[in-house]
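The chains carry the letters A, B and C, assigned in the order they are written, with residues numbered from 1 in each.
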Amino acid sequence: MKRQLTGYAFISPWLVGFAVFALAPFLISIYLSFTRYNIVTEPVWIGLGNYRNLFLHDPLFWRALVVTLKYAAVAVPLGVVTGVGLALLLNLELRGIAVYRTLFFLPSIVPVVATSVVFLWILNPQIGLVNGLLKALGVIGPNWLGSPDWAFPSLVLMSLWSVGGSVIIYLAGLKDIPLSLYEAAMIDGAGPYHRMRHITLPLLTPVIFFNLVMGVIGAFQYFTQAYVIMNGTEGPNDSTLFYALYLFNRAWRYLDMGYASAMAWILFVVIIGITLFIFRSHRRWVHYGD
Amino acid sequence: MATDAPGQRTFLALGGLLLAGLLVAFLLPKPVEHRTEGRIQVRLWHMWTAEWKTVVDEIVARFNRSQDKYEVIALSVPGLGGADTKFVLAVAGGDPPDVMAQWNPVIPSWVEAGLLQPLDAFMTPAEWAALRQEMYPVARKIGVYRDRLYGVTTGLNIWACFYLPAHFREAGLDPEAFPTSLEDLFEVGAKLDRFDGRNLTRMGFMPQLFGFNVTLFGHGFYDETKQEVTVFTPANLRALEVFAAEQARLGFDNVARFQAGINQLSFAAGWPFIGGHYSICLDGQWRVEQIARYAPELEYLTAPLPPPAGGRARAGFSNGNFMVIPVGAKCPDGAWEFIKFWSGIENPERAAEIYVMGGWLPLKPAIVQAPAYQAYLRKYPQFRTFVDLLSSEYIQVAAPVPYTSYLADRVTRANDMALQGLLSPEQALRELETEVRQEQLRRKEFGYVD
Amino acid sequence: MSTRSNAHKLVTHAVLILLCLPFVLPLVWMASTSLKPETEIYATAAPANALEYLGTLLPARPHWQNYPDALRTVPFATYLQNTLILCVANVVFAVLSSAVVAYGFARLQFRGREFWFMVMISTMALPGQVTMIPVFTLFRELGLYGTFLPLIIPSLFGNAFFIFLLRQFFRTIPEELAEAARVDGASEWTIFTRVMLPLAKPALATCALFQFLHTWNDFFGPLLYIDDPDRYPLAYGLQQFMSSYGGKWAQLMAGACIFTVPIIILFFFAQKTFIQGISTTGSKA
């Protein structure tokens, strides 16, 4: 009995926090999603109204969902490819490789708000670094963040700049691959391509898988960068109207807490769904070694 | 223990950083605040920054000197960074300021959400009736909602054309004969464009702010007589087509690059008009004050934006600065005293001196008549264009509906789409119509007030 | 043979340097812009070629004045102080509370342990947007809106990720050490504070570092809960600076440097913890 109590005493801080900051808000938020609520006056029950409206009558909801899915489908895989590529390069035995690793890693620890501010400056169409370099090469650069075609790619570019964190994770994954496997393959006469294709990449799949899941979940909550760079707006032609941004605007700009809660719930279900889907499909391509 | 080393080092580094940081933070000079004992504090939020903030601070200092009961403390909460959101959060969070200076069309949605106090409650019925009579039509449109006063304007803004006579003369045009129709204005503008190869180096005239100037063509997005939002009307379509055609003439990319380059300098002294980047520029009356401050030698004139054939003369848009008092304000009486002081409800002579500090347009004619304002008009005759527009019934404000920020966001998008040639004006307006109708239907179905 | 491998190395170096540029240049440019006078920034004389352009990237002569100017435009010193207060409180609270809970999950036997642990792991998948509005109203009812407390209080109850990390670490500590203390009649609390915590320093350091970075970077918390400019932390203050003084690039970059450089310094001192922490994050799958 005493043992039981001691155990619960130790985890009690978390239990209290869970009840107050997760479970209760979670349940309240379900309730709110069935109401019209402006946070000042009492919520009014409207049944499935918010959900019905979101799915059937809100063009912006779909636009935001498309922008977000596009980000998950473009930025996340690009991040994985870049990350793995760089990790393979940085895994080489070479004098001074530690310096390179540091240089590639540094951008990923630059605070998000600072990164956004710096990119706003770099992508300044007239006197920014990127268009300056392009101009020196004789190319007239686009109006990056101000153009509906380039605003979104600019944010993808920004996310690639911070890829260093995942490079570290891939490097750790590469270090975990037993050398004996390569030696055995060499004896069998496998070339570098073969070794990459049949040893390195398969054994790296668990790490890739993890990054993919986290990346997709992150994409659905992508907010700060878009908010800072676009000053809280939807970007040119709604091109950076991310789901989390639209949700935030619905809540705190248009004062529709019930509507925003319904959006949050849809977000939750989508995240769970995608995670489950990836977990189910991973048996087919994730290799957990022997 | 070998693994211990990095842990220890990290703690040391964190501790060192904290110590160093705190040392730096405490040693660096911080702004000194003067707070007087024994006065009731009134917290004012406003969205002005840079040199405008200085003007506000001066007005606040004057108020604090003028009486000894209240002390207004001004906090600058930058507008572009989401000051509206901040205000909503603060009222919802139970720690609102006592008074906020706004310029976005927030009154309808905030009133419906129960965030604002009616200000006529601070007056006797007779005083309120008198003020209502005296106010300029625009001030009334902005501040009165559902027949009650929620915002007192402390500086209306009206747009008109600023132009450079030198550019006119250089192109062989007569600066005194400003075009009297929009079509003529476009033609003159085209003559004033300058290029370096294909690159635009100077823009004669670019019709901006479609959402604002649509009122030259008709009643725009709000029919004041029928009191309803109107989107897909022939007048709105024509306006968007005309604006898009002008943009297409120069090429969107060209214009965008040109504007992006100079916008970085567009505040204070670097206003592109001062730098001669535009020959004719649509802007607000406060620029008169800025030119006086940063380019006193500049020769310029002003004129109302002329109407298109068959359109409405002396039409335009206003989004004045106004003061609101939130529900839950700790010192609403002090807030009201400050509003009276700045707006000139009671003492027009004294208020006139404040209005001219920022080059703002007043609440009622009595302030224009005051000596300080008359002196200002003599000093800057260009300002008269704007004062004359004040009395026009055709100056519209944002549609007074609770979803007006949604409407404004969506109008901006339709504008961008059409002006960039991504959608035809007709299609852009149709999409806008759908978005607005859906929002209206949703609000009706679920019992929101409209 | 050797010349061939040398050539090979040279090519690899060249490739690496080329690939490095896009990662490093923005940082260099941030620093160099913060040291340029405004006139130099807006000087748009077209350089003849790429090399000449690269030459203009560095300031002709460092213009340190931008830093005091930036500090005068907005009170960065106040922001820094606020950030540090938040960092200290959050690091101390989050690390200690997580350690206590993690110890319970790792070393104590009680009914429902596995169940609660699974619940804890699954809370990590709960997006903040779901709880945002109810939690906001909770803090409002408590009258804490506008204070630092809504940004600190949640740390008192442990962080799921840290609890997970520390639990894994506690489980690697040999049971004999605790057993010996138990025989001497020590309570679980004593064992935890005297035996376990000192041994867990590397894992605690990882948590402290991550919490520090998280608080330092946090933008959303202050966006939601802080209204008084005197209480802005750096992350929020920098964004406000940008939205109100957008064209003052030199000062803005000075602000960005003030915000970034401490983190880079921290990295160089705590490199191992950084790398280890990040690698553990990735391999927990």
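Following the convention adopted for this analysis, contacts are C-beta pairs under 8 Å (C-beta built on N, C-alpha and C of every residue); 3 or more make two chains touch, one makes a residue touch a chain.
All values derive from a computational prediction rather than experimental measurement.
The chain pair sharing the most C-beta contacts is A-C.
The chain with its Cα centre farthest from the Cα centre of chain C is B.
A straight line joining the Cα centres of chain B and chain C is 38 Å long. Put simply, the C-alpha centre of chain A and that of chain C have 17 angstrom between them. The set of chain B residues touching two or more other chains comprises 80-82, 85, 89, 92, 264. Contact of a single residue of chain A with at least two other chains is seen at positions 39, 126-127, 231. Across the assembly, chain C contributes 42, 136, 223, 239, 242-243, 249 as residues in contact with two or more other chains. Interface of chain B with chain C (complex): residues 3-14, 16-18, 21-22, 24-26, 28-31, 49-50, 75-82, 85-86, 89-90, 92-95, 97, 264-267, 270. The residues of chain B lying in touch with chain A in their complex are 80-82, 84-85, 88-89, 91-92, 109, 112-115, 253, 256-257, 260-262, 264, 327, 403, 405-406, 409, 413, 416-417, 420, 422, 431, 434-435, 438, 441-442, 445-448. Partner chain B is touched in their complex by these residues of chain C: 42, 71, 75-78, 80-81, 83-84, 87-88, 91, 136, 139-140, 143, 145-146, 201-206, 208-209, 212, 223-225, 227-229, 239-240, 242-247, 249, 262, 265-266, 269-270, 272-273, 276. Residues 36, 38-41, 44, 46, 49-50, 53, 57-60, 124-127, 140, 142-143, 146-148, 231-234, 236-238, 252-255 of chain A are the ones that touch chain B when the two sit in their complex. Interface residues of chain C, counted against chain A in their complex, comprise 9, 12-13, 15-16, 19-20, 22-27, 29-30, 33, 41-42, 44, 46-47, 49-50, 52-53, 57, 97, 100-101, 103-105, 108-111, 113, 116, 119-120, 123, 125-138, 154, 156-158, 160, 163, 188, 192, 213, 216-217, 219-220, 223, 235-236, 238-239, 242-243, 249, 252-253, 255-256, 259-260, 263-264, 267, 271, 274-275, 278-279, 281-285.
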